[in-house]
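Input: structures, listed below.
Next come two complexes, and both contain chain A; in the first it sits with chain B, in the second with chain C.
Let's look at the complex of A and B:
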């Protein structure tokens, strides 16, 4: 009994810890003009107003940024999932020269401080005339998300028994058909996780987008939100309202796939 | 089910593509060159990057739309960038041979830009009598050339007072302290100040610089050398400390937002702020007056605010002579009488054209008249690139002083030393030494050897396309081409510049100089200290991520009803984009308005903690933020691991009367290890290289550069101090450290498993 109470207590404590910051953002967004400044801890007060949300949606380019972000993230996700699922399969199922090297180099790409890559990215993209163009972002985002996605997909494939493919091959399926018709559907939990990761990495990326996109009509959400944040005059109310709305699609995504989340994120639990 | 999911994706995709098919052509989303295909007269597109605050942006946009209407065929695209981002973004763009035609910003950016040779001198473009029409402050000169045409003059600090509280501003510092004391009150007697005499962003050197000249010294000598180890600076340090600790008329911790907020709520009688903030107070319906910052009674001198301009400069890169012509015309238009008056009328700034000073709009504007009077005691903002090193060193030492780590004497001495060494590093053009030759030889021989040694592999690689493993190739290649195309070139580019003298003075023509940057990095004691701190940062973070993650996972898995609900609840921190997390927590740690301190005071009756102005607490704040965003990932991984543990094991243990702890120790933990170790490994790499949190929570390493970890230090060296070569060398070192460490831990894990 005592154990149960302790468990509940600690869970509730961590629950407060994990949602309070977002409630704080909510309260700031509802405060109207003097958004940032309040000595009260209450979230809803008598002065609460949705004015900031109204201004944000109808008087700024927020919806355009939202559209751009959704578009970029969706394309990145599709590219990322299709590339990661195929190459991870090869890495999981076939032994070939340089395989270990490739696996390690995937991990190694995560080790270089990404801030130093900005300048060379800019140089390449401007040589290829991809500045102010979504293609530049598609390429960079899907490739930077790939290493983790490949690694993660590979771990999942490792848990799928080999006998499945052997049976399919005996039945006369081609390698591609085996992969496409049998392995891929089984792996949907991992595919979902991969999709989630690609989506999130492009949804919240800011630094590269700031380099590539210069036309405000092409801005993504992080860039747009940043523009409320002038050095000495931040519009906290608009910023907070925007921040909340930015979190919503990701949260919906997380909630809708949360049952895949646990089974899909294997991190190499079982050796294949 | 699985099939369904895939088809959802398809539907989603089709919907998206079709919704964009309509918009793509009209707005030119996917084809920036779309306008070339239409039959209209060819359009000329001029880009302008600026850092105007919100109110000013509206006026700029109005002016530009008007200009476009008058000049058909011309499109002007204005882009807002935050000041620092504008600086680094413009550097990168100009370096890549492009960038906006026009760039608008404060006058101190022309020094670095001109030194890098990425903006144009204006002397050949405009006649000298055009310059003479402007206030000299608006046409700053760097090394004998004009580089900027200012649209406004000002940006200077002044004393702003709330007329409801105070009917007359203090005339000298004694009066300031007297009035300050009278108005610093704890109304309800709970030990917490409810109203302050004076507030300002005093942790930022720009805001305390005016006092230095009142104590008789200047920041820089006339020939641009730092002049910090002075009596004046020490006295100024002491003055601010006295205001805070002896007279207690300013808050213990006060950043710009807090000062602004306190004043707007009528909780501060006086404020030191710049002319840009007037609009804000007018909107907040504060009845305010302005005055000079009070005379220092001891020296009988006025504090001298820095007066600058913000204006337009021309990019060195122009796509065509037409672009240059058009850009020059836009620049003339934006600094013309008409537009300057528009700005004055709408946002109340002081125009830079001398002819306008007698305009009734300015004559009858009492605020502007007092402002002109304040400017008389001002001094021009230094524009040389070295000023940046002076500001930076001053900021670092000053914040250390405020945190109580050094005395005023030490702070002044160290600031001088530091600025001298920073200026030296910034201006030094490293010459190729002997190692450069060896290096080049080495690379040549290495390259040839690599080609020779891998000739077999290359042949078999190409043959592989037709061999039985063809399938593997086609599966592998798309991803790896993507990864290598995007990562490999930048990676080698960085290695190349890590051996080069790429810096402020060699921005356009750098060359390989050998291993100097590595020697500099490896002989610098700071790097080792930072390395130690980064390890603490990584270990503490990953430790908490994993323990909290496993703890929650075990509890949720064993005792909680509605597992899905709790799982979703704890995922929230993960779903929030990192930059939002960082800025939210920064707000929560605010000394005056942050909910954490309010909670401490209201419910625990503790005194407020100055989270962000003490090195230890600031670093702890960064760690807390990062723990918050990192534990959900580990929790999910652990939940996955727990589900794969067969239930029969627990039943057997139960029969053997193992208690909960024994069950955890002997069943759960060992079986979770194979799942948690790779996750923790990846977590370590991510945390080690996580720039966002430290940079944004501690506001670029505050206080006094004492919260940096290695990556944030690299970022600062590259983008704030222009030492690209050095920064690249440190990043290569970071990379090597991580590669060696992860190889080591992978190997040791491999050994354990095969035992």
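Let's look at the complex of A and C:
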């Protein structure tokens, strides 16, 4: 019994820790008076208003940033998933010269922090005339997310028994058909995780986007939100309202695929 | 139905030679069992026929046509795998119709084949279930169904029953045999279980270390084993192998020379012993006193473990007779069912 109470208490403590900032942001977004410094713990006050949300949606470029962010994250996800699923399959199933070297170097790229890569990325993109261009971001985002995605997919493919492919081969599939008719459908848990990872990493990325994108019309959400922060006055109300809306797509995504998430995290232990 | 001919098949993985020049003919519609201890190359031989392994040398002909350059999907071969290898994202009927759909056969024909085979295998009620909702035995039936529904001329089985319990295994043995009789495809069945081999095969090929030791009907293999390995591998309970002074009693010309005798082993199956009662027939030989140490009841028969002239021997007798420990019996053997092996070469010297 005591154990149970202790468990509940500690969970409660962590819940408060993680929910309080969110509630604080909510309360700031609802205050009309830009009262970021208020110490009141009330969420809904007598002065609560949705004015910040209205201004954000209709009087700023927020919707354009939202569209940009959705577009960039979706394309990055599609690129990431299609490259990761195919290359990981090759790395899992075929033995070829340089395979181990390739796997190792994919892993090695994960050792560099992305801020370290900004300068070389900038130089490369400017030579390719891809500064202020979404393609610049697609390339950087998918190439930085790929190594992890490839490893993730490869370790899933490794658990798929090879007899499944042999059965498909004898049933009349070519190698490509075996891949997309048998292997891809049964790899959906890993595909979902890979897609989620790609989406999240580009959705909330700030530093690289700040370097590549300069035209405010091309801004992604994190860049847009930052623009509410000026040197003298910051529009905290708008900032908070924006921050809340940014969470929504990710929340929806998480909730709708949480079923796959659990099976994906335990996928090494279950055979296809 | 198809005739299959393996000639001089060799296959190595690195330095390990798995198949050492195998020659084997399988006639159309035959049920051939490849049996041998694990690692003897039987599965590899099967996989070369399916096209899942490339040959180092030799050739495989199906209906007199060399299939070396034919892709696995074009060989008209179906295979049942040890771990079932059902497609987990498809239900049973999709699993069974997958290959036929790929061949773009008419929907009506596909449905007919699937229902016919499902009825034969008694899995009609499972057609809409996913493999994860099936028990091991049901999965095995579906795997069989998937291989048979296509009605290929050749069906291969790679230890399909080894994951099932004993009861299911004996049930499936009969069922596979029955399916073979009604479908008449050429079937090759790989197993390490000699019981499966003798009960199912029209013919058996016994493999050891990548080479075929003997090919023949189950009766031939059981009663006329070519060498010591086959004699002890096939048959359960195992054959008794007797050495030493007892051999001097044998009336055969091979055992008359004492120096030769020290190099020979007498092989007698447990059921070839009889308890001496009444007169000795011309083909029988009185061997001496058997000292019972233990009796095992096997149901219809019982196995007596004991010493015959100082050597451990097991004999099978009717379970209705009662024996007790330390009882002494006089034993005789049926000479037509006794074998004499050379210790060095292992060859059966009584085979003419």
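Heads up, the rule we're going with is that the second predicted complex is superposed on the first by the 252 of 272 C-alpha atoms of A that agree within 3 Å, B and C clash if a C-alpha of one lies under 4 Å from a C-alpha of the other, contacts with A are read in each partner's own complex, and residues count from 1 in each chain.
We adopt the following convention: a contact is a pair of C-beta atoms (placed from the backbone, for glycine too) under 8 Å apart; a residue touches a chain by one contact, two chains touch by 3 or more.
Fair warning: this is a prediction, and the values are worked out from it, not measured in the lab.
The superposed arrangement places chain B and chain C next to each other on chain A without a clash.
In the superposed model, A:94 lies in contact with chain B only, and not with chain C.
Once the two complexes are overlaid on the shared chain, A:172 sits against chain C while remaining clear of chain B.
Of the two partner chains placed by the overlay, only chain B lies in contact with A:139; chain C stays clear of it.
Legend: residue contacts after superposition of the two complexes on their common chain; A:163 is shown touching chain C, with no touch to chain B.
An angle of 140 degrees, to the nearest 10, separates chain B from chain C at the C-alpha centre of chain A in the overlay. In the superposed pair of complexes, A:78 makes contact with chain B only, with no contact to chain C. Comparing chain B with chain C, the partner in contact with more residues of chain A is B. In the superposition on chain A, no contact is made by A:56 with either chain B or chain C.
When the two complexes are overlaid on their common chain A, residue A:26 makes contact with neither chain B nor chain C.
In the superposition on chain A, no contact is made by A:190 with either chain B or chain C.
Contact with neither chain B nor chain C is seen for A:208 once the two complexes are overlaid on the shared chain.
Closest CA pair between chain B and chain C after superposition: 8 Å apart. For the contact definition in use here, the residues of chain A common to its chain B contact set and its chain C contact set are 185-186. Chain C meets chain A in the complex at residues 50-52, 72-73, 75, 77-79, 81-83, 85, 87-89, 98-99, 102-103, 146, 150.
Residues 161, 163-164, 166-174, 177, 182, 185-186, 272 of chain A are the ones that touch chain C when the two sit in their complex.
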